[in-house]
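Below you'll find a set of structures to go through.
Across the two complexes that follow, chain A remains constant while its partner is chain B and subsequently chain C.
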Partner chain A sequence: MTGRRILVSDPSLRDGNHAVRHQLTPAQVAEYCHRADAAGVPLVEVGHGNGLGASSLQLGEAAASDAELLGAAREALRTSQLGIHVIPGFATIDKDLKPALELGVDVFRVAAHCTEADLTERFITFARNAGRTAYGVLMMSHMASPEVLLEEARKMEAFGAEALIIMDSAGYYLPDDVRQRIRVLVDGLNIPVGFHAHNNLGCAMANSIVAVEEGADILDGCSRGFGAGAGNAQLEVMVPVLHRLGYETGIDLYKVLDLATFAEKEIMEVVPIISSTSVVSGLSGVFSGFLKPATRIANDYGVDARDIFFELGRRGIVAGQEDLILEVAQDLAGRKAG
Partner chain B sequence: MEKLRAAVLGSGNIGTDLAIKLRQSPLLECSALIGRSLASTGLARAQAEGIPVSAAGVEHILGNPDAFDIVFDATSAAAHEEHAPLLEAAGMLVIDLTPARRGPLCVPSVNMDAVAGNLNINMVTCGGQASSPIAHALGETHDDIDYVEVVSSIASRSAGPATRRNLDEYIHTTEAALQFFSGARRTKAILNLNPAVPCINMQTTVFAKVRDPDVSAFTRRLEAMVQEIQRYIPGYEIIVAPKLDAGRIVTMVRVIGRGDYLPAYAGNLDIINCAAVAVAENYASRRLGDANTATPRLRVVP
Partner chain C sequence: MDAREAIFADCRRSVEATGIERLRPLAGSRIVVTGGTGFVGCWLLSLLAYLNDHHDFGVAATFLARRPQRLAATAPFLAGRADLTPVAGDVRQISDIPADTDWVIHLAGVPDGRHHASDPIGTASVIAEGTLRVLRTAEPVQSLRGVLHFSSGLVQAPAPGGHSRVDATSVYADAKRFSEAACAAFRTQARLPIVVTRPFTFLGPFQPLDAPWAANNFLHSALNGLPLKIMGSGDAPRAFLYGSDMAVLALCQLVGGENGAVYDLGGPEAIPVIELARAVVAHAGRPLEIRTNTASRAHPTAVLVPDVGHSVERFGFRPAFSVPEAIGRTLAWHSRRPQAGG
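So, the complex of A and B:
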């Protein structure tokens, strides 16, 4: 166990885009990438919060195009690999993947909700045929049992995914939830397994540690937790904690600490905290990225954002269904008036 | 009363639901639901319902060209490109429920009569059928539409393998339809497959950026349009009336299905199948009307 190399992947410039309403600029991306590269972060993920091709009224329009952000990152990254998150249903191969290939993306993290792995086949095949690395990503993974997750993960493996990441998109997991799932996946797959945490219930770091204890080889960490809702596992905490536990990351401690300080000062509007609404978002199992739109719409309709989250959770709403916030708010306002 | 004979090609969720729906039609009969395996869920269900089935694929139609007047293609975009030329050469009307976009795009409440002369008619997509009438109402009430965006959510269980494989084609075809029916400069389509159990109902939201938004004119036009749509799909309803939210127009519809094959949550099957049946019945009423004064043997000619 000791000395095992953990691939720490940094999605600050993708998940963090949720926290700034997708307003990251190419200049910020370039500066951050330059420092992440120097720190030895092996993989840097860049783009709209919901990934390639996701800039929209539904999810928020990005200040800069995918091409501008990826171009800025590509130029700044020397040794770190450039990754993207991409969800079939938002992006298409012709509109989005082909340009990303031209822009020099190294790692295509192809994502689907936890039971929808078959949607990823064409994207994974496309990336592999182009000679790039493809991961399979299962989002909102708390909505499926460990057995169902394994079944879906095996599909992704069969499509050619070279690693499998599960995301705790809602920040719902407690350590034992992660332990069970990672164990089943590590035992049942022949590719590395990874974990992407959110911190709604204060468990992002503990959950990440449990994941590696159970055999995960990849962890996502963001500078100061820069990510949707309550944020992610903190990169600059994760790295020294992994080192202290005896794992290797290849990342320089001082430089990753400086990277986080830079991100806080130069990129982030506010450092993510577990706000009261974020606690409810996690408890109700609703995607962390709903925090900003739900807060805005709750204000507009004079309803309690927490009621919106519990109702969305009851309906099993997933990331990408942000339009339903409006319907639920209208419904709650109507009930209040009636 | 004489009916036109329809073949439904493809025995997935859409094809099987369509075959069951055709039993209600006064003008059409389902002469065959055609798949690739008699053991498939769809063909088994159709057999149980007394609908003739075949596992011979498109060959079943090409081998019996005089047995069918209309073909509904509910396979996949790639398969449609292979089938369509053969079927068209055999003189059959082909109603395409895949997103292949070979023939003109058709949404019955908007342009059914305008495309009636074509031998291949494309039914866009489920999300496209739900949203195009809204896009059209926007276009009729606004001169300058910069952008229309449509987000549809459907239950994971309602999306079969072909729908999943054709997700990119779904997006491209829906975006083309939005542009065609609204006149917007830019369009975007998004599809969510929701894994929740119990399953979610099909919902579609339309967002638009327009110059000088006129919500009340748009709402009046949309309400008239919805009445048209409800004639062939009664479960179509507005659940968030048009409003301005953060400077953009937004409205949301829900489609409850009739529950013919899958339960009522799968309104995505109904919205495209009811539209396809409406187009076929429109065609049939013309053909059958002609038939009363012409030859008794129907032969479908464009």
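So, the complex of A and C:
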């Protein structure tokens, strides 16, 4: 299908925060948002890597508060919408969502592990009743069958979600995995479906294109892939590829290319690559955000990070269970010593 | 005009439009209503109270609800009336109903899709076990003249994309289908006189504005100066019926319905949802954006439109309120109750 509009959402300033240990500053956010806005990126997601209210010792303390980051973004975004990632539990309605409303957030992407959509009801309802846009987001979606994903997605639709995004949080998917899931979701939902890729197995762009071919209307793309682990689908590649395939994005090519250059030079510490550990992380189906802490802990305990990932995958670990990395590393070190 | 006067004025118009004679069989009777504190329950109790106060019907109503005190918040003018007796309890656990009961209206259940999705077990349980319990308690009542069972218009709705799998969000409709089967079983085997009605879409006071239906969302947005959001393109047809008209038609179906019949309960004329949104904006008196939300591969529009032809023919049903009037009265009601709009 050609001429179809794809909503390209840019979570560089949220997912990318994982890659810099949540150290993005309000000044960086403001500069990036100013350029993204000029490029015509319709939606820019900002915040701690794990979303609103997630700054903590366990998940990583952010350099700036949510209010500082969102305030800087809001000031810079004229036509682009401001989005946030919200995981109920990390964020609460009174402490986090109400201030986010005041700060002018447009889109609340309310996320839950792929089998826990029930947790999102109050948050989706809150955003909807406040007149803002609410998306439902199913994380670590490879851990559920297409049929279970649809069940959970239909719950979010019933709660009032205006779109449904599945995340390949571990970078596990191959194109046929995405094709199967997006097809089931598009067939079974009345709301637009979106896809958020990670690049652990080098398939982020291919997977995103497959998603669109199967009827997805929303894609996430990050400048230079700036995101957790091996990074996300590259925004500045996604846009021209979509255009070449005949889709519309409303995004200016040169400006989005310049945006990526700016991000690489001024914001990113390193451009994400598919490291050996990232490959293992993707193969084992473990959340990409675990890459840095797992690598660090592996060094601390003198064990192979790849062994940690395969063990975490075997245990079915999900985001928010970072403390298990330490436990696994200790077990492996103990076995090595024994 | 206070709340009681406003609601009774609506009841008067609706009764006059269809004719009070249709409701005469209710005079001097005892009626049991399960789930009396929701939108339908409040309107039914209001209409019964109106008939008692203004037409000396002498109806004694017992209404069962988990929290009957909610009536004092939703419809305070009904609370404490001698002719409306509250009974607190779960419909699945009632042991009996008054021995001199003439009529039973079984409403109990939560029609909110969010609740169905988050508590499908509870949803299925209240509908299935609750309906069986109500029918069992009605069975030995010698004086019983009729049961009106509230099913749902959703029993006729197809799933998107022809999706045939039963899941959390389809439990409500599937449980309602079962409840209709239970009614048929009790009618055949226990000879209970039962009429089934399938409610569709309504407008009017007593509906919570945070409920996830198009009309409520539009009214909530209009009262709060927010954009009106339509899930879909807005071409889905819906036939809205005002609360007092709904109550009159439901009571007509109760006392005059053919045993075993299944009637629809809703408005006679379908309009696209976007027309409803435009009508709400027109009433709001301020410019408000209307937003649609469509997927590129949209499914065929779900047609949820009642057929009230049988009711028009059998009961001479005539709604008193047009959709624009219903919108105006509902907005006025909520404007007088600022806490309900926020």
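Throughout what follows, the second predicted complex is superposed on the first by the 338 of 338 C-alpha atoms of A that agree within 3 Å, B and C clash if a C-alpha of one lies under 4 Å from a C-alpha of the other, contacts with A are read in each partner's own complex, and residues count from 1 in each chain.
Here is the rule we use: contacts are C-beta pairs under 8 Å (C-beta built on N, C-alpha and C of every residue); 3 or more make two chains touch, one makes a residue touch a chain.
Just so you know, these numbers come straight off a predicted model, no measurement behind them.
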| item | value |
| --- | --- |
| Side-by-side fit of chain B and chain C on chain A, or clash | fit |
| First (chain B), second (chain C), both or neither touched by A:His113 | first |
| Partner chain in contact with A:Gly302 - chain B first, chain C second, else both or neither | neither |
| Partner chain in contact with A:Gly334 - chain B first, chain C second, else both or neither | neither |
| Partner chain in contact with A:Glu151 - chain B first, chain C second, else both or neither | second |
| Once both complexes are placed on the shared chain, angle at chain A toward chain B and chain C, C-alpha, multiple of 10 degrees | 60 |
| Which superposed partner A:Gly246 touches (first chain B, second chain C, both, neither) | neither |
| First (chain B), second (chain C), both or neither touched by A:Gly188 | second |
| First, second, both or neither for A:Arg4, with chain B first and chain C second | second |
| Chain C versus chain B - closest C-alpha approach in the superposed model, Å | 5 |
| Chain A residues contacted in one complex by chain B, in the other by chain C | 118, 121 |
| Touching residues on chain A, where the partner in the complex is chain B | 56-58, 88-90, 92-95, 112-116, 118-119, 121-122, 140, 143-144, 296-297, 300, 315-318, 320-321, 323-324, 326-327, 330 |
| In the complex, chain A residues that touch chain C | 1, 4-5, 117-118, 121, 125, 128-131, 147, 150-151, 154-155, 157-160, 162-163, 186-193, 215, 217 |
| Chain C residues within the chain A interface of the complex | 113-114, 116-118, 159-161, 163, 165, 167-169, 210, 212, 217, 220-221, 224, 226-227, 229, 231-232, 293-299 |
| Residues of chain B that touch chain A when the two form their complex | 147, 149, 151, 153, 156, 161, 164-165, 167-168, 171-172, 188, 190-197, 200, 203, 205, 207, 209, 239-240, 245-246, 248, 250, 252 |
